[in-house]
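Structures incoming, each one as structure tokens.
Across the two complexes that follow, chain A remains constant while its partner is chain B and subsequently chain C.
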Partner chain A sequence: MQEGDYLALLTGAWTTLAIALPAIAMGAPLGLALALIRWRKIPVLGTIAAILVSLFRATPSVTLVLLVYYAVPQIGIQLAELPAAIITLTLGTMAYTCEIWRGALMAFPRDQYDAAMAMGMTRGLRFRLIVLPQIARASLPALVNEMTLLIKVTPAAAVIGLVEITRAAVRVGAETYQPLPPFLVALVIYAVIIGTLVGLQRYLEHRQTRALAI
Partner chain B sequence: MTSGMEIVWQQRNVMLHGLATTIELSLVSLLLAALLGTGIFAALIHRAKPVRFAAVALVDAMRCIPFMLVAYLLYYGAPSAGLTMDNVTVGIVALSLYHASYMAELLRGAWKELPKDTVDAGIAFGFHGVGLLRIVLPPVVIAAVPMLGNQFIQIIKDSAFLIIIAVEELTFSANAIQSIYYVPFASFVCAVLCYWMLCLMVEGGVKAFSVKTALRR
Partner chain C sequence: MQQPSEPLLRIEGLEKSFGGNKILNGIDLAVAPHETVCMLGPSGSGKSTVLRCINWLETPDAGAIFLRDQRVGCHEDGKKPMSDRELSEIRARMGMVFQSFALWPHLSVLQNVMVAPIHVQGRPKTFVREEALAMLDKVGLSDKRDAFPSSLSGGQKQRVGIARALVMKPEVMLFDEPTSALDPELVGEVLQVMRQLAREGMTMVVVTHEMAFARDVASHVAFLDQGRVAEHSTPDAFFTAPKTERARSFLKRYTRGS
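And now, the complex of A and B:
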């Protein structure tokens, strides 16, 4: 492998992050919205949310990315590869994080909520000051775990032509006729990304426990 | 859109062939991954440190990389190592190898939750190696079945990645119909619904198993 090959893999890493980070940034709040709809037991919307979550959890990203990329232009909206990949992974992340948020909401102590209500807090204030900080803390490990899973499905974007880490490794392997070296470099890049995420989670947890101790 | 659905219906044999391949691939891979995973699990809890170290390194590496990377490496790398396999075999080997590590980790998790008394009693009665596993494994497996079900769903979903090495599974079929008749919406929605149905069936099976084992206790 030459210098240019390493550069190709690092460019692939950039693409992987360009897909995964927006997807988690949009998917997690959308998942929270779905979880709140289910938590409040809003009649029709709650059922729709449950069906959406079940459906997107069962759908492979490869199939979904092909659906989004080929079917959306048919209704007259032009969609480039990168937005198509981001939309696909956002939908998947939404479904998975919905279950995480919902678990935290179910475990949330009811008495705190009632106390906030007794103090005369409005619904928005109750959620923002009492519920959200606590469920965010409780969900953090599961959310980071979901992010690592998300990184591992980003190669789905390769089927619509995006060159992320895996695709870049395959290209280098095909050009040099040696698939193993780029594979190992790709492994290291993935390990660094996932290791950084897990490290970030440990740091945040550490900071939280320190803040709570004081 | 209705005409799109009609075309997919006319091509239902292509779709069904893909669905059958996906089910076949996933089932065989699940079985092999479970067998291989049990082996790796045995290595993870082995007494000899080098064995344990090698197993941990393998499991950690597999848990860091996407499935598609393994599929590609086997597809392009195996021939240069003197192994010639057809696409379906590569798919099954890749799925089994990749998910075996996850299986081993699941079993280890279930094992850690287990009361140590069973193990100690087994050792006290002079069991070791395979004999000990025969005593220890059944309750571990029962505890792990819901997670194994989830892993099965992951295998089904990962099998869609095999479209890139031209395995004729469900997504491949949907894509083939799509590219000939240009009905992307109908064909991929149909595939998505098939995957959904498969996953609901697995979830239903796991639930039935849990109810049954709970009743037996």
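And now, the complex of A and C:
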């Protein structure tokens, strides 16, 4: 492998992150929003949220990315490969994290919520000051686990032509007639990305919760 | 000036059912300023439900709650329900202490006490901090201000719960069996704080099974049975000459050995 080959793999890593990070950043809050809609049992919206979650959870990523890539232009919106991949994985992350958030919400102690109400906190304050900090901490391991799974489905984006890590490794292997070395490098890159995520989780878990501005 | 006889808190014809079971069947109760009313009754008689209806944690099916002539939960006509913001405003005027303490475990003791006055009442932080520290001092927990709830004993947790409610300067305090979850040796420290509050003239509604406390501290006693106030009298009259058979057997059960 030559310098250019390493560069190709690193560019692939960049693409992987460019898909995964926005998908996490948008998917997790959207999942929380869906979870809240279901938790509050808002009539029609709650049912729609439940159906969406089941749908996205049931669809393989490869299928979903193709669907988004070919279906969205049908309604008149031009969509490049990268946004299509980001949207797809955002939807998937939304669906999976929704279930994580919902679990944490349902396990939230009723008396703590009552206390927040009794102290005169409005719905927004109850959520922001009392519920969110606790469910975020409780959900963190499951959320990070979901993120590592997300990184591992990014190769699905190759079907619409994006060259992420795995696709880059295939290409380098084909050009150099040595498939093994690029895949070993790819392995290392995946390990570094996922190791960073898990390290971040450890850091957040051990930090005292002083996040609240009081 | 308010007439001394005018109630600070008034409950009128309160009714509440859960899943077809009528739990409250027309509760009437008035609490004058500086009074301590002890609500007694067998388990399941609806004492907690009455307290939770007072600050609208539970929505009654019928009846009305008034805090200083302001209707709680709905507007004057009794039809239009209060918005979340309006409810929050009126709830903030009533303190509540829970059997299970219900402290917020992600916040330190001091933060537990400070969070509502800052965010609900919008009082300045430095000011609230001083009041919160004074409140913790009052319940004897100054040295625990940076501790987290999980490291406290039950009695300490409950005293934080009381400080957290008091710092809001509530017009009335609602206690739901504040000592029932405590080991016997920790009950005294919590009751002592409550006695102190009563002496200082706090208006209180206390659900309790501590008969000695009710006898000594209560201005009057309301005995709940089968969804109604079965007896309403001075502690003296209630404990020495209960009028109903239900109250007599209740007292026999709860004063045994004390």
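Basically, the second predicted complex is superposed on the first by the 207 of 214 C-alpha atoms of A that agree within 3 Å, B and C clash if a C-alpha of one lies under 4 Å from a C-alpha of the other, contacts with A are read in each partner's own complex, and residues count from 1 in each chain.
Here, a residue touches a chain if its C-beta (ideal position, glycine included) is under 8 Å from a C-beta of that chain, and two chains touch if they have at least 3 such contacts.
This is a predicted model, so every value here is computed, not measured.
Once the two complexes are overlaid through chain A, chain B and chain C fit side by side, free of any clash as defined at the top of the document.
When both complexes are overlaid on chain A, the residue A:I130 reaches chain C alone and has no touch with chain B. With both structures placed on the common chain, the touch criterion links A:M119 to chain C but leaves chain B unconnected. When both complexes are overlaid on chain A, the residue A:A156 reaches chain B alone and has no touch with chain C.
Touch criterion not met for A:Q78: it reaches neither chain B nor chain C.
Touch criterion met: A:D111 reaches chain C, while chain B stays clear of it.
When the two structures are aligned on the shared chain, A:L55 is found in touch with chain B, with no touch to chain C. Of the two partner chains placed by superposition, only chain B is touched by A:L66; chain C is not. Seen from the Cα centre of chain A, chain B and chain C lie 110° apart once the structures are superposed, a value rounded to the nearest 10. Of the two partners chain B and chain C, more residues of chain A are touched by B. Between chain B and chain C, the minimal CA-CA distance in the chain A superposition rounds to 27 Å. Across the complex, chain C meets chain A through its residues 52, 55, 57, 84-85, 88-89, 91-96, 98, 100, 102-107, 111, 114-116, 118-121, 125, 164-165, 168, 174. For chain A in complex with chain C, the touching residues are 109, 111-112, 114-123, 125, 129-130, 133-134, 137, 209, 212, 214. Within the complex, the chain A residues that touch chain B are 54-55, 57-64, 66-67, 70-71, 74, 151-156, 158-159, 165-166, 169-170, 173-174, 177-180, 183, 186-187, 190-191, 194. Per the touch definition, chain B reaches chain A in the complex via residues 61, 64-69, 72-73, 76-77, 80, 153, 156-161, 163-164, 170-171, 174-175, 178, 184-185, 188-189, 191-192, 195-196, 198-200.
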